[in-house]
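By letter and in written order, the chains are A, B, C and D; residue numbering begins at 1 in each of them.
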Amino acid sequence: MDLRNKKIDEGVFMASRGEVLAQWPTGSRVDLQEAVDFHKSLPESKIFSRKLADAKKHRKTLIQPRAGVALLQDHIKLLTFLQDHGEADLLPTTIDSYTRQNRYKEAENGIEESVRQSKSMLNGFPAVNHGVDGCRSIIQSLDVPVQVRHGTPDARLLTEITYAGGYTSYEGGGISYNIPYAKSVSLESTIRDWQYVDRLTGLYEEMGISINREPFGPLTGTLVPPSISHAVAIIESLLAAEQGVRNITVGYGQCGNLIQDVAAIRSLEEMTEEYLKVYGYDDVVVTTVLHQWMGGFPQDEAKAFGVISWGSVVGALAGATKIIVKTPHEAMGVPTMEANAQGLRCTKQVISMLADQPLNNAQVTAEKEIIKAETKCILDKCFELGEGDIAVGAVAAFQTGVLDIPFAPSRFNAGKLLPARDNDGAIRILTPGAVPFSKELLDFNAAKIEERAKSEKRAASFQMVIDDVYAIGKGRLVGRP
Amino acid sequence: MDLRNKKIDEGVFMASRGEVLAQWPTGSRVDLQEAVDFHKSLPESKIFSRKLADAKKHRKTLIQPRAGVALLQDHIKLLTFLQDHGEADLLPTTIDSYTRQNRYKEAENGIEESVRQSKSMLNGFPAVNHGVDGCRSIIQSLDVPVQVRHGTPDARLLTEITYAGGYTSYEGGGISYNIPYAKSVSLESTIRDWQYVDRLTGLYEEMGISINREPFGPLTGTLVPPSISHAVAIIESLLAAEQGVRNITVGYGQCGNLIQDVAAIRSLEEMTEEYLKVYGYDDVVVTTVLHQWMGGFPQDEAKAFGVISWGSVVGALAGATKIIVKTPHEAMGVPTMEANAQGLRCTKQVISMLADQPLNNAQVTAEKEIIKAETKCILDKCFELGEGDIAVGAVAAFQTGVLDIPFAPSRFNAGKLLPARDNDGAIRILTPGAVPFSKELLDFNAAKIEERAKSEKRAASFQMVIDDVYAIGKGRLVGRP
Amino acid sequence: MDQKKIVIGVIGADVHAVGNKILYHAFTQAGFHVINLGVMVSQEEYISAAIEADADAIVVSSLYGHGELDCRGMREKCDESGLKGILLYVGGNIVVGKQPFEDVEKRFKAMGFDRVFGPGTPPETTIDALKEDLGVAE
Amino acid sequence: MDQKKIVIGVIGADVHAVGNKILYHAFTQAGFHVINLGVMVSQEEYISAAIEADADAIVVSSLYGHGELDCRGMREKCDESGLKGILLYVGGNIVVGKQPFEDVEKRFKAMGFDRVFGPGTPPETTIDALKEDLGVAE
């Protein structure tokens, strides 16, 4: 069947639905109408889209951790702790890596091993294995909205089960959960599988349940220039809206330069709203999420707190709707619940202190213009390649390197583009690959990198990129020699 | 003898010197020429004024902790740890509170108790009791410059001993170490005693040893409007320069509002340089220090890290020459050396990440103008009250409430002025007392407070001030109802 | 109900004035008659103020870390001066460094303080305790 | 000196690609012949690549926390496939969570790994170890 950015036909959807639900025994428990009734029984305070829309209206910045362990009771305990002692406004259920690869058998082993060793042997919560009722007991145990966070190329069954389980928000997208999270899964198939997810979200929406969807903004989390992640976020928003999604949170991973980060969050919100409107989706509520630094972290906890705080500052000054919070254990491993709560409380302190201090200046405005122009170059080319169809265009864009995500593991990613920081620490493009920037923008990027190379008295090269990858972990922003 | 801002006559100085050195037995060990020779034997890397001037030139921000314990070997161990594991660029010796009150007998008891209980029973290092050679063994054990930090109204003997002991920087001043640190010591006497300190510094300077002097910027650390602390810092700089001091670091305690803080550090440096030049002291090197939040801290360590980081952000964005660092134990008590090093490493991470990102914008420029205008109103009036003599003027200014420091314990402080935060968290004046602002500036302050009162739907009152005192400790900047 | 009288102040060479000013305000608001000695108060000053005012309690603050050295012998001195059994509180950052509160409390209770409060105790807690110990009805 | 051959890759369902790309670069720069299998590598893939290339060592990365589950039986499988005694390294964030490194090292050594490296080990350390174990002169 052809890939198109068109609402999936109901017959087609229902047919594949049967297959999806049969992928693992817990699928048989899913019943759409019963699930909608469960959602309707939830109090407002547990509904993600409500809390986000409200935060946007009152210019509040909410905080949310990542967290997930193998066993149900432990997972509930963990989330309760983060709610009560971490002051989390929103909660997650981070899914384990076997589930993300649809390896439910290995996830089952992981659960059994975890019981045997009385510690979590999985890096997340295997929601498919725990099933609909397992999920509902999580939702019921907590006071705040909960989201599924993962990195699953084919997430159809996971979506079915967690939506029926009462989750009110769902991360991911056909590009953002493929290119950074898979090695050899084709883009056509993930975009199609995520159209399924979005269509299911649309069905709930049509039945009165607005589930929030969040494209995964940071991608590889490693030196991704804002225009690239913006282009992906906007494409996934358009794809989602077409399937009937009406509440979208677009995301961005902090790059570390204040001006670029504030400009990025602001331009992301503006552009996403614009594009949705232009393409006829008028009634979508768009909110933003800033991810605290997603690349390599310093091992020292005190330094990690510094990185966490810097992300919090940026989120608050930019006015992001929510912040995804890192922990002082980031460089070491999945955090203990205490470490996770510490990251949250640190973040809460910073954003509360900055709540009334938005940053506006000419530098931010100028940087916003750059980001918008770059993003537009990429999106224009995508539409062109797709002859007006953005699903087709996205696939072609990756084939041709028009979209090229630095450090991505996928073999469907060109991997020709290289980013590096400029002399102020903003992320620019060192080797453009096939990125379709105007000559002016290419020259701008080149000049910025050249400025740094001069100040460091060395030629720009891959060594500069490597130095930048290590920099924050070593306590700097720019990887100077 | 009359108080005047005039270089102390050599005969007069030498006469009182004899008395000073006789205050405690360790004073007899001091010999100026021998001390100068010791200083000359120090490598450049241990000289405070050099390191500061160098940092200013290269726009680097240095970090410095507070630290001091009762016993010599423990103190050396502590500072070595902060140097090696805290990455401190500059080190302190914080003096205990008995020494600050010239109660050397009680300090001696404290030392004995500390030996008996094998833990420090004093809140700092009793340098007078440990004497010149004790101090020298500290300087000799470390690789970076060390400063005396205290809060001593009459610090003459302490200065003599620590200068002879090889310290290359010295905090304090006749106002800043009186009004926040004493209850009933007259300003005339502390200004005079600090003229002694500055004259001694001048003598070293004339003998080729440039010792850095640092007026204590934050005063009570509690909601002090920048113009008030700026006025005090500039007055103390003028007093010091007159006695021959040539290397001055002016300080400011973070208030918490980004724009106000950046504007404060920048305006402080510019105004101090200007005033020194106008009054004929052309060759003074002026650097700046930002003190991370000096008021009540949150007890939770994760939140304390957030406060520490926010101070670091401000110091870096403002381009302060150095930052005085707090610790995650701040709300609880004198920190362990580990906690102290954590505060330092957190700060180092943040300022390194921000090293290349100065903040410039119209808001900062506007706020600088306000601060400068307010400061000038106060200083003009001080000069007027002193009929051109700033020593006389300072005393009169406190008598009349022209200078009035919020929350100061001294009975020589009027205590009529009340500060409060405005709606953005900047510190403004709620009740002006006798502060000699122009009508325009008074109106500006009143309007700012009124704006907040409106948004909080309550009248401005002392309750607002109390709420602001507790706010950061409770995880906010503005103490909203 | 007649107004209870309490003497407050910050002991020793301690100049931390902020909490003291706020406690004065809070205790007064709560209906106590407060004699505020401010900062840098010696044991003798508390005692003579308490005698002079016929006070019901002495509330000692210590923030700067020397509390343990400064508070020694205070109960004995009260006893000698005819203030036998007067209610004696201490609070603030009363020892040097972050120490387990239970140990600190034990040491200060052994010195004769009736109640011992840790860092950052809110005024409401102290007020409730005072009302309870002095038999003030809510 | 003939070039030593090493097989590298990230084991299991792990997609952390950044460190892998950098290790490839660093090992190559250091003079090794590197067969890079990228991310999501199964035990079988390492082994057949090592057999095919007649490799001197297999360097396993695991970042995502499932290392312990993914690495079990790897040494036995090497033995069975005729790679008896091949040098086997593992490194990265090889277990779930922050655990004392000594315990982790013990567990992985018991599984048959010759060397075990903790989080954030710089490439230079690995290169030095490889050179030592493979007898490459500096």
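We take it that a residue touches a chain if its C-beta (ideal position, glycine included) is under 8 Å from a C-beta of that chain, and two chains touch if they have at least 3 such contacts.
Quick caveat: nothing in here was measured; it's all calculated off a predicted structure.
With each centre defined as the average position of its C-alpha atoms, the distance from chain B to chain C rounds to 30 Å. Note on chain placement: the centre of chain C and the centre of chain D lie 64 Å apart, centres being C-alpha means. Once the centre of each chain is set as its mean CA position, chain A and chain B turn out to be 45 Å apart.
In chain A, no position touches at least two other chains. Counting partner chains per residue, chain C has no residue touching two or more of them.
The touch graph of the protein chains shown is a line.
Contacts between chains, counted with the stated touch criterion, involve the pairs A-B, A-D, B-C. Those residues of chain A that touch chain B in the shared complex are 256-259, 298, 300-303, 305-310, 312-313, 317, 341-350, 352-357, 359-363, 423-425, 472, 475-478.
By the touch criterion given at the top, residues 12-18, 21-22, 25, 38-40, 64-66, 68-69, 93, 95-99, 119-120 of chain D touch chain A in their complex.
Residues 96-98, 100-101, 103, 106, 109-110, 113, 119-123, 151, 180-183, 220, 222, 295-296, 299, 329, 331-336, 339, 407-409, 462, 466, 469, 473 of chain A touch chain D in their complex.
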